[in-house]
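You will see two complexes here that share chain A, one where it goes with chain B and one where it goes with chain C.
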Partner chain A sequence: MEKDTLLLLEKVNQLSLSESERDTVLGFFEKRECDMEKLNAIDTENVERMVHVLPINTVVREDVAKKLFTRDDLQKGAPETMDGFWQVPRVVE
Partner chain B sequence: MKFETVIGLEVHVEMATKSKIFCSCSAEFGGEQNDHVCPACCGMPGMLPIVNKKVVDLGMTAGMMLNCHINRTTTFDKKSYYYPDLPAAYQTTQWFAPVAVNGTVEIETANGKKSVRIKQIHMEEDAGKLVHDDWTGTSLVDFNRTSVPLIEIVSQPDLSSAEEVVAYLERLRSLLRFAKVSDCRMEQGSMRCDVNLSVRPEGSDKLGVRTEMKNMNSLSAIVRAIEYETARHIDAIENGTEELVQETRRWDDVKGKSFAMRSKETAGDYRYFPDPNIMPVVIDDAWYDAIKASLPEFPEVKKARYTTELGLGDYDADILTGSRALCDCFEGALAVCGNAKEAANWLISDCMNVLNKKQLTADQLTIDGKALGELIVLVSDGKVGRGNAKKILEAMFEQELSPAKYAEENGFIVSNDTGLIEKTVREAIAADQKAVADFKGGKEKALMALFGKCMKQLKGNCDPQLLRTMLIDEINKA
Partner chain C sequence: MKKIMLDQMILTDCCPTNAGSKMLDGYTGLFNATVVEKLKEAGYEIAGKLPVGEFAIDLVGESCFAGADKASAAAKTLENDTVMAHIALDVNGAPRRVAAQNGLVFAKPTYGTVSRFGMIPVACSGECVGVMARNAADCREVLCTIVGKDEKDGTMHTDEVCKNAAAAAAPVKKVAVLKMPTDANDKIEATKAKMAANGIEICEIDAGVIASANAAWNMLMCAELCNNVSRYDGVKYGYRTKNYKNLDELYTNSRTEAFGLTLKTAILYGSDVLSTKNYMAKYDKAMRVRRVIVEAFAGIFADFDAVLLPAVSKMAYTEKDSAFEENAYTAPASVTGLPAVVTNGVQLIGPAFSDGALLALAEALEKEGK
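Take a look at the complex of A and B:
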């Protein structure tokens, strides 16, 4: 992984790493890239894609609307509310 | 130098379900703010999603309507997304195995038919709504729309003009409405689209710099935005007026201009990864076959059948096949009355009149086709006059009813009481000797005046032919 990529990932993950932490992460990825190269060398041409490690399917529910909670219940733990809205720091300039 | 525009669309469509995609909250549009919410769609820790089966049904239906391959094992993924309208800080969507891939949509263009390739259709949750409050300097969040089910239909960059984009969107809307996947109401945001556009020298196989305009929800605005953006790109290339960069832009329809929003994220920025809380959705043969069997006849196939087999004109067939609700009602009525032309007339003139009065669209027609067929039979059998039948029809828009029973209860059944008719005719003649003289003098209209008075007196409950015959007989005696 290039350092620029790491800086981009820091930005989108809202993280701020020190230079030594960056070196650690880059070193880790260098080793993993070697592992990936070994995996990429394997011919998987006719191998079916594994979508999950366990052979299980999801359960589905019928399309029935239910009201199980009130707004007041849900907003009990809210730091700030206003007129039934959750109130958060302004997110646009 | 001549240029060509290259356009691909991402169309978001809200699915017609009663509940949300991963929880049982209502998916209905509107409502008091934060009234359709629960800990799951509010993104509270520890909440687990449970997939709504209807969403997968409709995802498959959309895929089949657009000639896609259905992935029989389809999976959900997390898309990182830091914004308060999706409080879990990710959107649950499909990236690695979307429900449908590799489809086509045929559109009519000025140069004939064109096939637009569909890259994929994926199921995902919608985001909530933010209101930015200037007074407090804060943002207010309404989670009612959070987790309302969407499908996103991603086309290949096969479109080359605003007209083709409109034809494509209208075709999608028609197919999805017909299959009852969505009401596709752009004004309510249940169908909206992102337009990806670039420009290149005509004949070139290299794509130019692409910009994306998000959340367009009006066909006329889309046309204006494409025309503006195409001209901006050409100007930049030919005259160097600005440097084109890959970015997301916002279209301001009032100013007639697009503005840069942010540089475009790449797939890597979203850091998609499989959602560990939702196991793969496996579509077995029985499920697949049931959806396949439920697909409606395509509108153009229906239209051909209505004209060739049922003898309707192109105009009538066009109007009926413009709406699934009209088709369903027409076919229900036809099954009972057996008269296609009459059923079409009732729908196209009388039912549409009532819908117009109520400011409803054809898709919002709710009357039962079987009941309409019974009403048509009552009229054709001479049991109910046409005027009273219209009153019954209006009542059918308000409540579910049996036309025959309603006609009886409200005194709308045509009377066979010849004594009463004869008495009414005599009274009318006695009261208007001038009309009698005029008719005898050759004025046909005078008979209609007497006929109208008698019909009014009998409250419309009289066989018109019988009344006319009795009137003429009585005038001749006078």
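Take a look at the complex of A and C:
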């Protein structure tokens, strides 16, 4: 893992690490190389991907609207609201 | 009234659920998780919530934002016999490690037999709601209460299958012992002796591809976690930084200030695993290895009723230990969705829907003494 790649991953995930944290994370990525070696030692040439561990099919239901919560309920945990809207900083200068 | 504790991954509408993270400090859910409703309907009292490591991915709860002294709080609470059991979300094996190191029993059920509706989601393809208690009988009683089909969880088996799994009691007659290095080998030897005393045939086998389960689970878990925690952005709910001038800074500073380093590391690793460059080599490969491991277990269960393996590498951790290595013992059940029961400091894994049979074996071993 190159530091530039880590910086890109930070940006994509909206995180900003300190230099000492970056060293720790790079060390972690280095250790994970042994995970890759373990997996590559297993022949998966003719093996299908397993997304679900058990044979569970996608569940469908009637497309019926239900009102479970009010707007006020949903905004109870919001950091900042105004007039029933979630408040964020100005996005258009 | 029998008292039950919940971990901080389980939503309740009466008290906050923080997932062990500053991001959700003070957050209260709008509804009760299905397991909570089932327990209340059955007459149990929800006695409170116990701390959990940040998003339940650490060793034994040490990454909880409220402080490392909160680690293993479940074990301390269960020392008090006024509480019958503790319900915990098993994402990366932490509750199994806590049980193993503290002489408790933990049942991780077959994936899809206990509703995950109302859990803070982390690694949805493998995480399970389990029960920790002082003995296997209490574990079974509570597990039988919380199993069952829930229309709100799309990854569940039929009601009959779920209930039969928890109640199953077919005797375990033949056990395979997975050869895995551990400092807690005395626990394995003691369990083998107790099994022999119960007339159970024991045979040692090599771990083979199962030894690679943690490599696959580290990738799958981090990839799923990376997506699941992307919702925490400081806008809709949870922590918001005071230090921002624009929307980008609000997102970045909120997440940076609220998340701990273990979680940030897992997010970054998961994002790397899912990147265009690595998707096929890492994520896709891990999903194929997952099938190889499931098939390896199926091969073992053609000849054996259960597998005995360590739950931990040692009976106490230091700061140098990491869940990403230690989950070598817990990842086999996480990545395959198979039921696992920790008892007497060791772990039993059985075929899908053999939860009750594993608990019956744990009860039989308890009778042989600690």
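Assume the second predicted complex is superposed on the first by the 65 of 93 C-alpha atoms of A that agree within 3 Å, B and C clash if a C-alpha of one lies under 4 Å from a C-alpha of the other, contacts with A are read in each partner's own complex, and residues count from 1 in each chain.
Throughout what follows, a residue touches a chain if its C-beta (ideal position, glycine included) is under 8 Å from a C-beta of that chain, and two chains touch if they have at least 3 such contacts.
Since this is a predicted model, take the numbers as computed values, not measurements.
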(Q) Applying the document's definition of touch, where does A:17 land relative to chain B and chain C: first, second, both, or neither? (A) second
Q | Which of chain B and chain C A:69 touches, first, second, both or neither | A | both
Q: Please name the chain, chain B or chain C, that touches the greater number of residues in chain A.
A: C
Q. Of the partners chain B and chain C, which touch A:1 in the superposed model: first, second, both, neither?
A. second
Q) In the superposed arrangement, does A:85 touch chain B (first), chain C (second), both or neither? A) first
Q: Determine, under the contact definition given at the top, whether A:31 touches first (chain B), second (chain C), both, or neither.
A: second
Q) Between chain B (first) and chain C (second), which, if any, makes contact with A:50: first, second, both or neither? A) second
Q) Touching A:59 in the superposition: chain B (first), chain C (second), both, neither? A) both
Q: Go through chain A and flag every residue that touches chain B in one model and chain C in the other.
A: 9, 12-14, 49, 51-52, 54, 56, 58-59, 61, 69, 74, 80, 86, 88-91
Q: Could you please specify the touching residues of chain A with respect to chain C in the complex?
A: 1, 5-6, 9-10, 12-17, 21, 24-25, 28-29, 31-32, 34-36, 38-42, 44, 47-54, 56, 58-59, 61, 69, 73-74, 76-80, 86, 88-91
Q | Of chain A, residues touching chain B in the complex | A | 8-9, 12-14, 49, 51-52, 54, 56-69, 71, 74-75, 80, 82-92
Q.
Can you tell me which positions in chain C touch chain A when the two form their complex?
A. 27-28, 30, 110-112, 125-126, 151, 154-157, 209, 211-212, 214-216, 218-219, 226, 230, 233-240, 244-248, 250-253, 255-256, 259, 261, 264-265, 267-269, 271-272, 275, 281-282, 284-292, 294, 324-325, 335-337, 352
Q: In the complex, go through chain B and note every residue touching chain A.
A: 17-19, 24-28, 32-39, 42, 50-56, 73, 75, 80, 82-84, 96-97, 130-133, 136-143, 265, 269, 271, 274, 278-282
